[in-house]
Amino acid sequence: MTQSSATVPAPRYGVERWGRLSISFTAFAVALAVAFAFVPVLFSLGTTQKATSLLILVLLAAMWNALAGYGGLVSVGQQAFIGLGAYATVWLCNHDWNPYRAMIVAALFCAGVSVPLSFLVLRFRGAQFAIGMWVVAEAAAILVSLDQSLGAGTGTSLIELNYYTPTQRQHYTYWLTLGITVFFLALLFLLLRSRLGSSLQAIRDDEDAAASVGVRVLRGKWILFVIAGAGCGAAGAMTLANTLFIEPTSIFGVDWTAYMIFMVLVGGLGTFEGPIIGAIVLFVIQNEFGDNGVWYLVGLGAAAIGFALLLPRGIWGTLEERFGLRVMPVGYRLRREGT
Amino acid sequence: MSLLAVTGLDARHGLLQAVRGVSLEIDEGETVALVGANGAGKTTLLRSIAGAHRPAGGRVAFDGRDVTSVPAHKRVGLGIALVPEGRRLFPQLTVEENLLVARQRRNGADWDVDRVLEAFPMLKPLRDHRASTLSGGQQQATAIGRALMTNPRLLLLDEVSLGLAPVAVDDVYRSLKTLIDGGTTVVLVEQDLRRALQAADRVVCMLEGRLVLEGRAEELSRERITDAYFGLKAEAAR
Amino acid sequence: MTWVNAVVQGILLGGLYALLGCGLAVMFGVMRIINLAHGDLAVLGAYLVMVVLDHANVSPFLALLPVLPVMLLVGYGLQVTILERSLRSGVLVPLLTTFGLSIVIQNLLLEQFSPDVRSLGGEAGSVATASWQVTNDISISAIGGLVLGVAVLVLGGLQLFLSRTQAGRQMRATAQDPDTAELVGVNARAVYARATAIAVAIAAVAGLFMAIRSTFFPFAGPTQLIFAFEAVVIGGLGSLWGTLAGGIVLGVAQTIGAQIDPQYSVLAGHLVFLAVLASPRGGLFSIRGATT
């Protein structure tokens, strides 16, 4: 090498977690959450109920994304927890619990159930896990429908909620849903920023390689599984409170998975912001086109196919990739000092 | 006209440029040894010739015809066969099935299962054994035999001696010699310079994706090749 | 003795599940695709036979003949348009696209035909109702025996195809290493399309027998899908004869469950499925983690 070159000092880099965009957006998100608390006060009961549905969708999307996007666990059976959460609430209320406390306990119950269940299902990979969870949901649905005290096959409602006025009921339901949704989102956010977050990313990219550098793969997946179980259980309880009537076929139905897949796929799998966007998209579609019956569902299915083929990274994922956006500070950035 | 003409080939792995502007011509019946350090781009070059890797730029012409956008399985039909790095046999298929899968019909002196087993007698008793149960040398023989079943005009061999005991490598090269003597055009990627120089008519050396040395095997000294291999002296490609 | 009869009925039922699972096993074995629309494709096959029967007064088995090439084309088209692209984006995407496809098929069927529950048992004539009384307690229905026989034939035929023909060898090779298969002259895309075509056509056959044996309606797909999956997984993913064994185990589990209490029938199948999955082998003919 005879070519001479002027010596240029090597650029210095620093690692940062918060960029300017991240800080402003996180502040915005917190403000938004606070603003959302005022919805029941400012809007009608009907709107509040719709807003509750939206929050439930956000929660479900975030949970499914946590499993599939961060844990690589594709579950076609999260509806098992949705149904369990709802029916656990019914059971507790049958035993004279306050409905809203019952809902929280039902979510915890689902977390509890997910622990022994995880020993069974987390040994499966890929297809076996996906279908295995679905079978668990189907089995749970059958078991519930055989129980008369839970309303059997015809369904049940939460009559204890009648002790509140409709206004109170809708408001309390809304606030509880908001609180739970924000809680789980915050929990996921902190989880992703922690060491576990990097482990999960590694697991998602290459499980064996991650294990070889000491990442505790099973533990990471397990944590996600339990959180998703609790979150979906809470969503189920909230759905019961919001819609008042449930029956086994629908609350344990695989349609829930269809919606979760749609939201996460459209929003962006594996991103933090994606599921939220996907939930908003589904919510808008449901409200605008829900009355079109068959064609609405056909359109939904076709949209899912279209997104999977054309925009596999979803709306947010594509935006992130295109513009190098990092809004929520869950990752690390290499920043050249002096920039 | 040369059998294979590669012009200004660029190939990438994501953002990494593996092959930079490589131009190479190979005549029918020649044996060319392609040498270079790990990561020099040899495998990517072979895969691009075989159609398994899409080049970012440049041209591959086979027998006068532009095959740059022809898919791999069609190139096999035209007469290009690659024995991939690491053998890559179909593990659950038997030796015979591995050979049969690759069978291509062509007029003339066709390779078939019996002829391949004659060329590699060690495989005869292993005919019905699953490929995953074979030793390295046996797998290599099967992999070469499989490529031969496609009746290639151009045979590309990627690191046939990798992971094999020296005795096994001797066997492989003995069989290769028969092939070469029979007139098959061969491009051989080989880490062992001694064997490369023995087997080949011409030697081509790659460094960091570029061709840095090219010449007839008997004319190039080991020192010159070694220098080019490690990039110790800037050598313009002929 | 009624328990023995339950087992016999379960074995016969298993034939249907094996047939349903066969197509699923092919797609998973060759391409690692879980086709969540498989059940709906079987139902689609049943509806197409019904359409043929509306125009021609023949036996449903004859009506199946023109439907088969249509389904082959449907499968081929599916692979080439949607599934191939889905495969490129990773293992998750085919799950999502086939799920979307499932919803589309179900609702298009609903739109085209009413939500009424139907059956083709009537058109099948005596086959659907005849049975052979073996002993006082045990009887073998004609249709049950027929389905089991067809399942064995189809699975056997597939096995022969895979092991004896060049196309079958190519399919196995592509399943194990599509990249290298291309290097030895195999057109992987064409192989995949063939596999899907075969899977969808077999689904149609299964759909026909399901329609004759019992009933069908636009949303019947997912239930059949679960049974098909349970059959494949119990038998061990990637093994064709395993699918037959798995189907039979599932059928027997369901009929024995029904003996205890009709409401427990499907549940018993689910529990056996979970038990098999949880066992060390993870499947009757598979080793956990092994592929074809």
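A, B and C are the chain letters, set down in written order, and residue numbers restart from 1 in every chain.
Rule of thumb we're sticking to: a residue touches a chain if its C-beta (ideal position, glycine included) is under 8 Å from a C-beta of that chain, and two chains touch if they have at least 3 such contacts.
None of these values were measured; they are calculated from a predicted model.
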item	value
Chain contact topology (line, ring, star, complete or other)	line
Centre-most chain, if every chain is reduced to its averaged C-alpha atoms	C
Distance from chain C to chain A - Cα centre to Cα centre, in angstrom	33
Distance from the mean Cα position of chain C to that of chain B, given in whole angstrom	44
Between chain A and chain B, centroid-to-centroid distance (C-alpha), Å	51
Numbers and ranges of chain C residues touching at least 2 other chains	none
Chain C-facing residues of chain B, complex	50-52, 71-73, 76-77, 81-82, 84, 88-93, 97-98, 100-104, 146-147, 149-150
Residue numbers on chain C that touch chain A, as the complex places them	28, 32, 34, 36, 82, 85-86, 89-93, 95-97, 99-104, 106-108, 110-111, 222, 226, 229-230, 233, 237, 263, 266-267, 270-271, 273-274, 277-278, 282, 288-289
List of chain A residues in touch with chain C within their complex	68, 74, 76, 120, 123-128, 130-132, 134-136, 138-139, 142-143, 146, 254, 257-258, 261-262, 265, 269, 294-295, 297-298, 300-305, 308-309, 312
In the complex, chain C residues that touch chain B	166, 169-170, 172-173, 176-177, 179-188, 292
